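Take a look at the structures below.
In what follows, chain A forms one complex with chain B and a second complex with chain C.
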Partner chain A sequence: MRKVVKMAVETGVVTRPYPFVAPEVPPGFRGRPKIDFNLCIGCGACASVCPPNAITVEEKDGFRRISLFTGRCIFCARCGEVCPEKAIKITEDFELSSDEKIDLYQILELKMVRCEICGRFFATERELKKVKEEIEKKGMEVEKLNLCPECREKVSAGLESLARR
Partner chain B sequence: MDKRSIWVFHLNTGSCNGCDIEILDVLTPFHDVERLGVKLVGSPRHADVILVTGPVTVKAAEAVRRAYEAVPHPKVVVAIGSCACSGGIFYDSYSTRGGVENIIPVDLYVPGCPPRPEAIIHAISLLKGIAEKKIKGEVYREG
Partner chain C sequence: MMRSQIYSFLEVDPGSLRDKMKELVDAGARFSTSVAVDERPINSCFSHTYILFLKDRGYVLLTTKLSSEMPEHDTLTDIVPGVEWAEKEAMELVGIKIRGLPQKRKLILPENWPEDLHPLRKDFDYRYRPVEKADLEAEGLPIGPYHPALHEPESFRLYVRGEEIIDAEYVGFLVHRGVEKVAEGRLTYNQIPFIAERICGICGFIHSTLYCNAVERAAGIDVPERAKWIRSFMLELERIHSHLLLVGVVCHMAGFDTGFMHAWRLRENFMRLAERISGNRKTYGMNLVGGVRRDIDNIAALDFLKSSKKDIEEYVSMLMENRLLIRRCEGIGVLGRQDARKMCVVGPVARASGIDIDVRRDSPYEAYGELSFRVPVYMEGDVLSRVMVRLEEIKESISILEQIAGEMPKGPIMAETRDVPPLIRSIAAGEAPRGEDIHFVITGRDNKVYRWRVRSPTYNNLPALPLMLKGNLIADAPLIIGSIDPCFSCTDRCIVLKEGRRYRLEELVGRGRL
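Right, the complex of A and B next:
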């Protein structure tokens, strides 16, 4: 008994006064992934690596909708690792409690462009701009980039009449 | 519920035990949530709050509904962890029914895989009104 009391007195108070002081976050902690709406080009790389499909990509009415649902996220941080534009930042936020489900969503809708021949929506404006910049840097032609992959294939093969039909 | 103690009942509906261990951690002297008046009770009949962890498996669904009915009014359901919030990584599994909200109404979502003990304490503080909600839904449409 005396031994236990002595140990307790020597150790002192170990309890963290958490809700009344700021929390301590260890270095390298993976918190909520945050999409930078100004940097994202909507390529969907994050959605394809997301293990629980917390990030989804849908196309509707000429907009590509990227939606990150924190309520399903497993905080693996693969989205931040794979993002070519570094648009997804792994923050240190972990106080994510909410009484409404809508608070757990981050939704981004990006404008898409139509194919010049068939008129189908095939890429986001930002995505196309980025690819054009990259290709111009390499000194390659950028004319066919306004076509969807199928039409581009036909035009490259010299079958433009087939594509226009 | 501001000044009074919250008695919680911990309900595991098919969790991997990650969130359960975090709940135990919250009750240890290191985090000591009992200083906020939280007490873990053994029966839903004594509880004010149910802490649900894990996706609801098909077998557990009926038990969840019965446990919810056994809690006296007013009752609060807290979904702890991503699985309880939405089904998590098991969301399209044949043997689960997704999140707890598909079975019983949920009042507070605590995402995390597992949520840190501090995140659970933050949720309890939200219930008691001593902390504020820190996240907000964000929607951005180009053009």
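Right, the complex of A and C next:
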């Protein structure tokens, strides 16, 4: 009994009056991922590694739609890890409750480019801009950038007439 | 002693399975679990693999191939009574007919599940859900599935004479989530660690580690030394907070809430350390196939350990001084050594009943081959011994953490990525806080696993509960059940079910309940 009382007195009050005091969040805490709409090029790397399918990529009417739904997110931070543009930041926000479901969504629509030969939408404008920059950085000449991968292959193989069809 | 985890394969035809099993068991083999696989798409047959552990040979995978039309063989329950659950699971989920297996009730699938439908067969789509019908009828004295003293949905039927329990029956798998099916059906290699970690709400890291170990072995990936040490560090951290949780729960069930509060106060410090290291207090998210994602700051960890060691010692001496608690736990829920061996129990439950096993020492994985620690064993087999084993293990784990933080080699923490070859079998075993945990993997194509089987420690410990409950008082039942530290979500590998109806995530969000 003596030790119980001693421990109780020495310990004192441990419970913190949250939410009336600031929460303790250590640096490096994995909270809500945030998409920087200015940096995202819509490559979809995040969607392909996302374990719970919280990030989805859809293509419609010449736009690629990237959607991050925090309601499914498991806060593993894999999206931030694989993003080639550092467009996803892992924030320390964890107080995410809301009355409106739409508050849990981050949706970005990026304009896509048509293939010059077959006319199908195949990449976002920002993706192509990025590719162009990378190629120029290596001092190489930029060519056939506005062709979709299949048509580019045919043209490279000298089958341009086949591609035109 | 073996310095690394080894395993070997042994194939027999169904007719000689019993003889071979007998031979191995006579040679001292301990049964871990069994895995049934629908191999029709790859080998035009079914297979059933019994995983056994032999002190000098490591893990032995005793496989028998079964015909694709009539997959059946004789039961081994009379040789090792502990195989019953694993065999029932093979029968229900994969549809292997096991002759002579006592079949009173279904184990995993609901009683109203259609007879000829086996969810782990490859022709069963993971999105398919049969229509639900009537429920089980009640009998005996029910405890659960929702009971204030038990913290998860599980149900026991106690058969009593007055206050005395004369028999008990477990009705579980109420939260079977089909984790393995989702992993085989939809997830890629590096997504599975995150669902593996969510198999258990307490000791998730051991599951993601063992899953990664199994895939790494199949693919021949050399995990960097530092990553191994970091994994061991997180595993021991997990063991400490898991054991402190259980000690607290036992205090609570015994009516000593001060002990409960202090145990959880101390546990909180370890949770915070885990949060500082990994970015989250429970789902560390550290593991990927090939290594870990974050490094550890050794110095900060050492400082923390110094102060927490003293706290734990004070707490233990405070508990030991409390005669009420000791008397409440002493001599109840006894599991004798013979029974413990027969039922193939693992972990602290086995060690409290005089069985000296610990995967970390007997078949080392990660950095455990290079660490020194003691394995506490008690002979009494009662609730108190199970608590004492854990209290001593907490101290051992702190010493392991100090060794790791002091001696951890420098270097990279992630191996170079490489392709995983298809159709390779491998297993990984580890000592979870509740005992031996086994992951079995057959690698597949398209960056996915073909089969993944998880056997958590509670799966082996639960069947022994009726033996512990017999002869005790009803009032002690929750304490006895609690003392094996049962983890039902692990065991059930669990779909959100409520009032027989499945809520869609969108509905919950709409109601402001998420």
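What we mean here is this: the second predicted complex is superposed on the first by the 159 of 165 C-alpha atoms of A that agree within 3 Å, B and C clash if a C-alpha of one lies under 4 Å from a C-alpha of the other, contacts with A are read in each partner's own complex, and residues count from 1 in each chain.
Operating definition for what follows: a residue touches a chain if its C-beta (ideal position, glycine included) is under 8 Å from a C-beta of that chain, and two chains touch if they have at least 3 such contacts.
Source: prediction; values computed, not measured.
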Touch test for A:Pro51: chain B only (first), chain C only (second), both, or neither?
both
(message) I'd like to know which partner A:Gly28 touches here: chain B for first, chain C for second, both or neither.
(response) second
| said: Between chain B and chain C, whom does A:Ala8 touch in the aligned arrangement: first, second, both, or neither? | reply: second
Counting residues of chain A touched by each of chain B and chain C, the higher count belongs to B
Query: For A:Lys111, is the partner it touches chain B (first), chain C (second), both, or none of the two (neither)?
result: first
Just chain B (first), just chain C (second), both, or neither: which does A:Phe75 touch? both
For A:Cys151, decide between first (touching chain B), second (touching chain C), both and neither.
neither
A:Arg16 contacts which: chain B (first), chain C (second), both, neither? first
Footprint intersection on chain A (chain B / chain C) at 14, 51-52, 71-72, 74-75, 97, 99, 101, 104
Listed in rising order, chain B residues that touch chain A in their complex are 29-32, 35-36, 82, 85-89, 91-92, 99, 101, 107-113, 115-116, 118-119, 121-126, 130-131, 133-143
Listed in rising order, the residues of chain A that touch chain C in the complex are 1-4, 7-8, 11, 14, 24, 26-30, 49-52, 71-72, 74-78, 81, 90, 97, 99, 101, 104
As the complex stands, chain C meets chain A at residues 187, 190-191, 194-195, 198, 258, 262, 265, 272, 275-276, 279-280, 283, 285, 293-294, 314-315, 317-318, 321-322, 505-506, 509-510, 512, 514
Per the touch rule, the chain A residues reaching chain B in their complex are 14-16, 18-20, 23, 32, 37, 51-53, 63, 69-75, 93-111, 125
